[in-house]
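In the two assemblies presented below, chain A is common to both, partnered first by chain B and then by chain C.
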Partner chain A sequence: MGLLTGLRSSISRAASTLFSDEESKRIGIYGPPNAGKTTLSNRIVRDWTEHGDAVGPESHIPHETRRARRRENIEIERDGKTVTIDVVDTPGVTTKVDYTEFLEHDMEKEDAVRRSREATEGVAEAMHWLREDVDGVIYVLDSTTDPFTQVNTMLIGIIESQDLPVLILANKIDLEDSSVQRIRNAFPQHETIPLSALEGDNMDEVYDNIAEYFG
Partner chain B sequence: MPEVKPRDGVRIDLISGERMDGLASMEKIRMILDGVRDGNIVILEEGLSPDEESRLIEVTMTEISPDEFNGIEIETYPRKETADASFLDRLMGRESAKKLTVIGPANQIETLHKDETLIQTLVSRK
Partner chain C sequence: MPHQCTDCGRAFDDGSKEMLSGCPNCGGTKFQYKPAGTSDSESTAEPAEPPEPPEPAVDSTVARTVGNAATAVRDLVSSSSADSLDDSGGQSEQSPTSVTEQRPAENHAQASARSEVVSRDELPPAPERFRAAPQTTQSGQTTHSPPEPEGVTRDEGNSPSKPPASTPDDSTAETADSQDDSHEESSRPDLSELRKELNDQFESIRVVERGQYELNLMELYDREEYIIALQEDGKYTIQVPERWND
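== the complex of A and B ==
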């Protein structure tokens, strides 16, 4: 980042901090494919909105979410205070997409190719949102898998370089192979909160931290 | 860069930090992707900045094409300097990763092991 760009960005962030206390913060839900980002987004929306419509469909097939989706003005109440956020559910970030992997999920070639094309567009869109349009990040990881991947280290590095507040969520603690400590070891510089977005386990701690980090 | 056609092997381009310093972000990304799309392994002595990594992912996504190019595999050590860099360093753009980075075609490079101090990859021919 050059001096002028950096200065402009810093002034812009400082100004938004000063003047937007009452405004909704845009919180991007990021992470690799199949970490449970949409399941978490749906859980937050269902817990804190009257109608509670889903942000998007959940699936075990990677790249189910291929467009960033925003749900506005979600008011989370903690300790008598209200924090208002926009939840931005983003496609899982990756550096590669191979349509043949979708064929393993009983998909026709034409559908698999279309899904892979949409997935690549979605990842590019997610990266753009991260650089330009979010005020904070919830980084969701599947606690049954190795967190020491390049995508995770790169994305955490990108988030840190933008000075965005980030909360790491170790999802899927309801599964037998879950290891929250493995994630804590990989990213010791950040708070890691365990949860099961699917079962709703430990959501109180998640909401406490959302209020603290993004309020 | 002189064109070399490997007859029976994998070409590896080791690119110095000095060479990268003279390039704009998009020139770096273009050079990396052109090399990788030709089936080469690109090794950067000093890596990319977080912003350049973000743009590399974005441009890679726009170039993925079924049966032609599946994307890239990229490996580097976890970055510690950025987290520790002062506000002034980041403001001045002094946030260089300075981390050896290996980039290759996704269908030719496979990570076997990775931790804070060691990256083991398996590179195969097309």
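== the complex of A and C ==
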């Protein structure tokens, strides 16, 4: 396996250098449930790929994404430079998953229980990806909610401990209750960029920073 | 056959009810008490009534037990109240007593074995066969006043704090049971908290109930293997790192 794997990786590395200036960076899109990670992923993919297929379905119901999804070789051009990234849309990370939460969204109990189990598996997968398979992190937060949570603190702490480059995105600035400053106050050590992934607001600044941080 | 009719000589086993209404043979109301050891000499009179033994035998063992119990209680208590027990089953003196005298004495012995001890105070270390009595004694104490936790803490020293579970009912065994129950309930939160703490420390995913999970993110992050499927009973399927890295 070692020989084959090495051969394959070297081939893919050679191939990637043919089409882009640098090796593709695998960027994990992390954050709590319902922060807009999939919406952002879909926007990035639609903005920078020809086919523009969605990474995954978006939903207002938490834990819509229960498996990590990856889109590879997304080339983002900024200032004449091309940055190639693999976008990994991860399930929302949380410390508790409760099926009763889904019942409020007109879901049958059995479906809610199954969703709960899958969401838990998804969190495990997301944490595993964070450990093994990402070169950088885009941390998405819903700017209408309090960022001072155990999950956010822990995840940012883990990311910092791994010395991974991280970009914090304050999403949903199109909503009234949005407060970007609250997020800046929570994580002053990191760059925080406001955006609305849904509306496409301020995406230019987002891409600038992606190119800068992960290029 | 500790009892013998003084008129016709008919013998009765200890605790026999036949003599309560007088001797069935002669109607005599006076009976002589004879301990088991001395009865051999007069065993000649007994063969007259062979059919009796089966029933009385049971009664005699019961009576003997009660008598032993009474003796043990008396020894333990060594109070004046025990003097009244002297007339009960296990005595050595041959004293002719009337039925009316004899019977109450036995009843009293039984009563004292059951109830008197209950109401009496300190009897902490009792013989094995008295296990029921000390329990009731404890419960009796506990129902009186809040010191009841003492007994509970002695049983299980694990629980440092417990709400004063005051059980107003005086029923002995039930009280003891309910005490245990209430104690278990009171100690449960501590255990569950401890369990939770341990789970928090060592378990990456805890199934609270069906469809409800608690996740330890650090554990999930730290573990080499990747959890790919959960089951309702808390088991999960993992993927080994090598396969993951293919």
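Points to keep in mind about this one:
We take it that the second predicted complex is superposed on the first by the 194 of 215 C-alpha atoms of A that agree within 3 Å, B and C clash if a C-alpha of one lies under 4 Å from a C-alpha of the other, contacts with A are read in each partner's own complex, and residues count from 1 in each chain.
The working rule: a residue touches a chain if its C-beta (ideal position, glycine included) is under 8 Å from a C-beta of that chain, and two chains touch if they have at least 3 such contacts.
The model shown is predicted, which means the values in this text are computed figures rather than measured ones.
Overlaying the two complexes via chain A brings chain B and chain C into a clash. Number of chain A residues touched is higher for B, counting chain B against chain C. By the touch criterion defined above, A:34 reaches neither chain B nor chain C. Judged by the touch definition given at the top, the superposed model places A:24 against neither chain B nor chain C. In the superposed model, A:202 lies in contact with neither chain B nor chain C. Of the two partner chains placed by the overlay, neither chain B nor chain C lies in contact with A:84. Shared-chain residue A:132: touches chain C; no touch with chain B. Once the two structures sit on top of each other via chain A, chain C runs into chain B at 38-46, and not at any other stretch of 38-46, 74-82 or 92-100.
Once the two complexes are overlaid on chain A, the chain A residues touched by chain B in the first and by chain C in the second are 1, 93-99, 113, 116-117, 120-121, 123-124, 127-128, 130-131, 154, 158. Against chain A, in their complex, chain B makes its touches with residues 49-51, 53-55, 57-58, 60-62, 64, 66, 70-76, 78-79, 82-83, 87, 90-93, 95, 97, 106-107, 111, 114-115.
Residue ranges on chain A touching chain B, taken from their complex, read 1-3, 6-7, 10, 93-99, 113, 116-117, 120-121, 123-124, 127-128, 130-131, 148-150, 153-154, 157-158, 160-163, 186, 189.
Remark: chain C residues 204-205, 210-218, 220-222, 226-230, 232, 241-242, 244-246 touch chain A in the complex.
On the chain A side of its complex with chain C, the touching residues are 1, 5, 93-100, 109, 112-113, 116-117, 120-121, 123-125, 127-128, 130-132, 151, 154-155, 158.
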